[in-house]
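Next up: some structures, all given as structure tokens.
Here subunit A shows up in two complexes: once beside subunit B, once beside subunit C.
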Partner chain A sequence: MKVIKIDKAKWASGVSSLQGTYKIIGPAVDGDAHNFKELAKGEEPDFNFLNTKLSPKSIVFPQSEKMLEYSVDENKEDHHIMKEVKKDYSPRAVVGIRPCDAKAINLVKMNFDTDDYKDPYWLKLYEATTFVGLACDKPCDSCFCTSTGCGPYNEEGLDILLKEDGASYVAKALTEKGETLLGAAGFSDAGDEAAFEAGKKDAEAKITSSVQTDKLKDFSTLDLYNADFWEDLSFACLNCGTCTFACPTCWCFDIQDEVKGKDGVRVRNWDSCMFPLFTMHTTGHNPRGTKEHRVRQRFMHKLKYFVDKYEKGIMCVGCGRCVNQCPVNIDIRKVCDVMNNHVPEPVK
Partner chain B sequence: MEAYTEKIREISERLLKDGTVEAVIGYRKGSVENSNEPCIVRSSEKINDLVWDSNCRINLANYLTNRKDKVAIIAKGCDSRNINTQIIENKIKRDQLFIIGVPCSGMTKKEDSSDLQENCKVCHHKNPVVYDELVAAEVEETKVDRYEDVKKIEAMGVEEKWEFFKDLLEPCTRCYACKNACPLCYCPTCFVDESKPQWVGKGMDPIDVRTYHFLRAYHCAGRCTDCGACESACPQGINMRHFTKKLEKECFDQFAWEAGLNSEERPPLDTFKLDDPQTFIK
Partner chain C sequence: MENPYLPYPVRIDDIEVATEDKSLKTFKFVFLNEGDEEKFAYQAGQFAELSIPGVGEIPIGIASSPVEKGFVKFTVFKSGVVTTHLHQMKVGDVMGLRGPLGNWYPWDTLEGKNILIIGGGFAFTTLRSSIVYMLDPANRSKFGNIDVVYGARTPGMLLYKDELVEWEKRDDINMHLTIDTEAPNWDYNVGFTPTITEQKAPQADADTYAIVCGPPIMIRFTLPVLENLGYKNDRIILSLENRMKCGIGMCGRCNIGKELVCKDGPVFTLEDINLTPKEY
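Showing the complex of A and B:
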């Protein structure tokens, strides 16, 4: 594993020199917060941020993505044939993704890249992307990544881990893709790996918020599903999509045909288990007909079904976005602890 | 504010103990800074969960729609007007409610606790217009120009207006927090969720995003109390009140109407009168 030292004075020109080969996507000021966007030539990723308001999951999983196009105009030779929409899959690098968001992309990959099914759209974007992480030395108050199997220096899902170290950055190449990018940028001075160890310890100590997840696996699904706490936990919920859209691990989508005249496109849009339409049957019956059902589903998926199915811990990386952005302050940390500490009624 | 909390707890405990109501809808302390969580309290053991401070932004009338039980609800001026609107629109009956009125000095912004919400800065009905018991003496109402911001937009040229609205809605992710926080938005199936036929596309096409916002606003015309729940709920910081306020101003100018001041009079767009102004017919 190569460790490279990058003088901050050479950082901007190095990143800029990549722009012939890679599209550079980085954090930038967007209204009252930061978000990831494609940077213009010479524009530097703005590292003066805690985390972005929206997660970078949209880089590989756009909120609205055209998949196929077609025409039913019989005057056209290729009418009634579904064709893949041509898209740009040229190399790109996300520079400054936080370790929690990178781990989240790995979690989402479990859904889009399986032995049985490979999602071509997601995978093509994923494979075109080099993930350059930025270690989190200043976590937010609501971060709880250290108790979700992640952490401010977590390397999962990253090709490079960067760390600020005074007047320089230290970069650890974690994959071949990462080494290639560092080489292309002309960064080659040897760095010291020890900077990561010390930084990691300090950063982890700053994360004071946590969740308890140790007992989730042991419950029978129905003990949690039928528990009496859901009314209280879900009462405030507005059933908006804020938590699911902000969440880096929420992967659900809907597919729609949008037709104008005789031409159409098949589009994939983010969907949300908070929306009634998500589970509406064509009969009009909705198996998750109340908000209590929908809130329960979201948390059972993240904190029980996922845990049981994949045996990789919870489907949450502790980024805290849902905690901060929920308009009615429903807090996954509290929900997780209530679930974990549940005492099922004894069987009569 | 502590006195308000104490009084709310005292009234709530009495109502639950003597069986006047089955539950109290209020707020409990939130887990993040400048936040509270709407909650339902069913037993006196949970009374001390109830709190009151300047973070009670969400309009609790939103939690009344189609309830069958008898509940107490804590209501600021705006919430009380939306309770009236829910009564007028047959979403709840007055005799199902015990309204604990809160004279309100305004809610503060989540991102800046020293700054009042924009709607609160121009509020003309700080005191509940309907209640069964008040938690404190009424506060003084202030009169300011409610529509200064609307007038600024009205004065813009067509192009400028278009750019303004385009920029305003650009950050929208269509999470629908605005409509779901709104005590007026209770249709069993919202038009955005209709699929037979589907009225509006579900993607991020700007035309679909704008259609959603414009239509939502029109559905609120003559009913909106400018409680600000939509704006405070928006995770993207969009001020969609520009739309509802313009319509509110129209209703005020045309019909001298302010929504929800009593529970008898139906909103102007819901009725027809021979002497309705017809200046819009050219």
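Showing the complex of A and C:
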């Protein structure tokens, strides 16, 4: 594993020289917060942020994405035949992704990359992307990554881990993809790995918020599902869907056809389990017809179904976005603890 | 990388009105490209996405049987945007077919067993596929007794009537057709499906499986009847429906607990279903 030292004075020119080979996506000021966007030539990723308002999941899973295209013009020989859309899968690098968001992309990969089916859209963007993480030395109050199997220096899902170290950055190449990028940027001075050890310890100590998840896997699904706390936990929910859009591990989507003139596209858009239409049958019957059903689905999915299905822990990386952005202060940390501390009714 | 969202182009080869109220039609599709039919190799009990460019997709059980070659058939109830559009389409029109999707009735397990099939209304499509499969000369000897209880409101609402009449004449399948209330020229049973199941279905034993498909109300009243007849939950097989988009376990909406109806199902035993939230 190569560790490289990058003088901050050489950083901008290095990133800029990458732009011949890579699209660079980095944090930038977007209204009242930071978000990830493609940076123009000469534009530097702005590291003066705690975390971005939206997660960077859209880099591999755009909010709206063309899947297929076709013509409905009956004068054309191939009308009503669906075709692949030509897309840009040239190399790109996301520079400054937080370790929690990188781990989230790894968790979501399990949904899109299965033994039976591969989602080509998600996987091709994933494969085209080099993930350059930025360690968190100043975690937010709402961060609880250390209790979700993640952490401010977590390396999972990253090709490079960067950390700030005074007048320089230290970069740890974690994969071949990462080494290639560092080489292309012309960064080659040897760095000291010890910086990571010390930084990690300090950063982890700053995270004071946590969740308890140890008992989740032992409950029967129906014990948790039928527990009496869901009405209370969902009472204030507006079903606005903010949590699902901000969440780096939420992946649900809708598929729609759109036709303009005689040209049609099949697109997929982010969807949300908070919306009644998500599950409504044509008959009007809705298996998750109340907000209590929908809130329960979201938390059961993240904290029970996912845990049981993949045995890789919970589907939450502790980024705290939903905690900060929920308009009615529903807090996944509280929900998780209530679930984990549930005492099932004794069997009569 | 194969794109599981890309449908096979198909042409509508035939359209048949399936019920007297014209709410159901049977569509016969042929594949436009050579080799696609082989790629679409399916088992009785699976479904596919009927994919209409410009309109959308709808998951429908496959009504034709793996032993029928050269085409695929679906019987479709006119109800939503896509199915209403489909009902207006004509022979010769081109659209897409994506699949086969989901699991199927457990044919390996069912080999050597007696099979009780219970169907109601227009949920008889994959059951038709199954019966045709079992009655095929190459397969009939693999199964024990076959009993079929099939009910609809009126004689005109029964699907696949010509075949039902033929099956009635055979001695290697016991048909128990029924309609809700008396009708002229009806020579078979009268009464709801659960009642006729109670009267005609064989008692359970370790070698008998029941496959049940129908509207929720039929299922609700049939399950206690099966219990009285001694059927254990792992011998009762059901096929579920939920709203779907991707059909391949990715889009996130059709789950019941950790099971995805589109990929882990739609076929489940009652034993499995009883371990999951009733979100279907």
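Everything below uses one rule, namely that the second predicted complex is superposed on the first by the 347 of 348 C-alpha atoms of A that agree within 3 Å, B and C clash if a C-alpha of one lies under 4 Å from a C-alpha of the other, contacts with A are read in each partner's own complex, and residues count from 1 in each chain.
Please note the rule applied: contacts are C-beta pairs under 8 Å (C-beta built on N, C-alpha and C of every residue); 3 or more make two chains touch, one makes a residue touch a chain.
Everything numeric here is computed off the predicted structure, so don't read it as measured data.
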Touching A:Thr221, do we find subunit B (first), subunit C (second), both, or neither?
second
Just checking: does A:Pro287 make contact with subunit B only, subunit C only, both, or neither of them? Give me first, second, both or neither.
second
Give one of first, second, both or neither to describe whether A:Asp192 is in contact with subunit B, with subunit C, with both, or with none.
neither
Please indicate which partner A:Asp7 is in contact with in the superposed arrangement: first for subunit B, second for subunit C, both, or neither.
neither
First (subunit B), second (subunit C), both or neither: which does A:Gln256 touch?
both
Touching A:Asp202, do we find subunit B (first), subunit C (second), both, or neither?
neither
In the superposed arrangement, does A:Glu84 touch subunit B (first), subunit C (second), both or neither?
second
One more residue to check, A:Asp73. First (subunit B), second (subunit C), both or neither?
neither
On the A-aligned overlay, A:Glu38 touches which partner chain: subunit B = first, subunit C = second, or both, or neither?
neither
Would you mind checking which one, subunit B or subunit C, touches more residues on subunit A?
C
Where subunit A meets both subunit C and subunit B, residue numbers
254, 256, 280
Spell out the part of subunit C that touches subunit A in their complex, as residue ranges.
1-7, 9, 32, 51-57, 79-80, 83, 93-96, 241-243, 245-246, 248-258, 263, 275-280
In the complex of these two chains, what residues of subunit B are touching subunit A?
30-33, 35-40, 58, 62-63, 111, 171, 173-177, 180-181, 189, 193, 195, 201-205, 232-237
So in the complex, which bits of subunit A are touching subunit B?
30-32, 53-54, 63-64, 141-142, 231-232, 235-236, 238-242, 245-246, 254, 256, 258, 267, 269, 272, 275-277, 280, 323-325, 327-331, 333-334
Going by the contact rule at the top, pick out the subunit A residues touching subunit C in the complex.
67-68, 70, 72, 79-82, 84, 111-112, 114, 116-120, 123-124, 220-222, 225, 251-257, 259, 264, 266, 268, 271, 273, 278-283, 287-288, 293, 297, 300-301, 304-306, 308-309
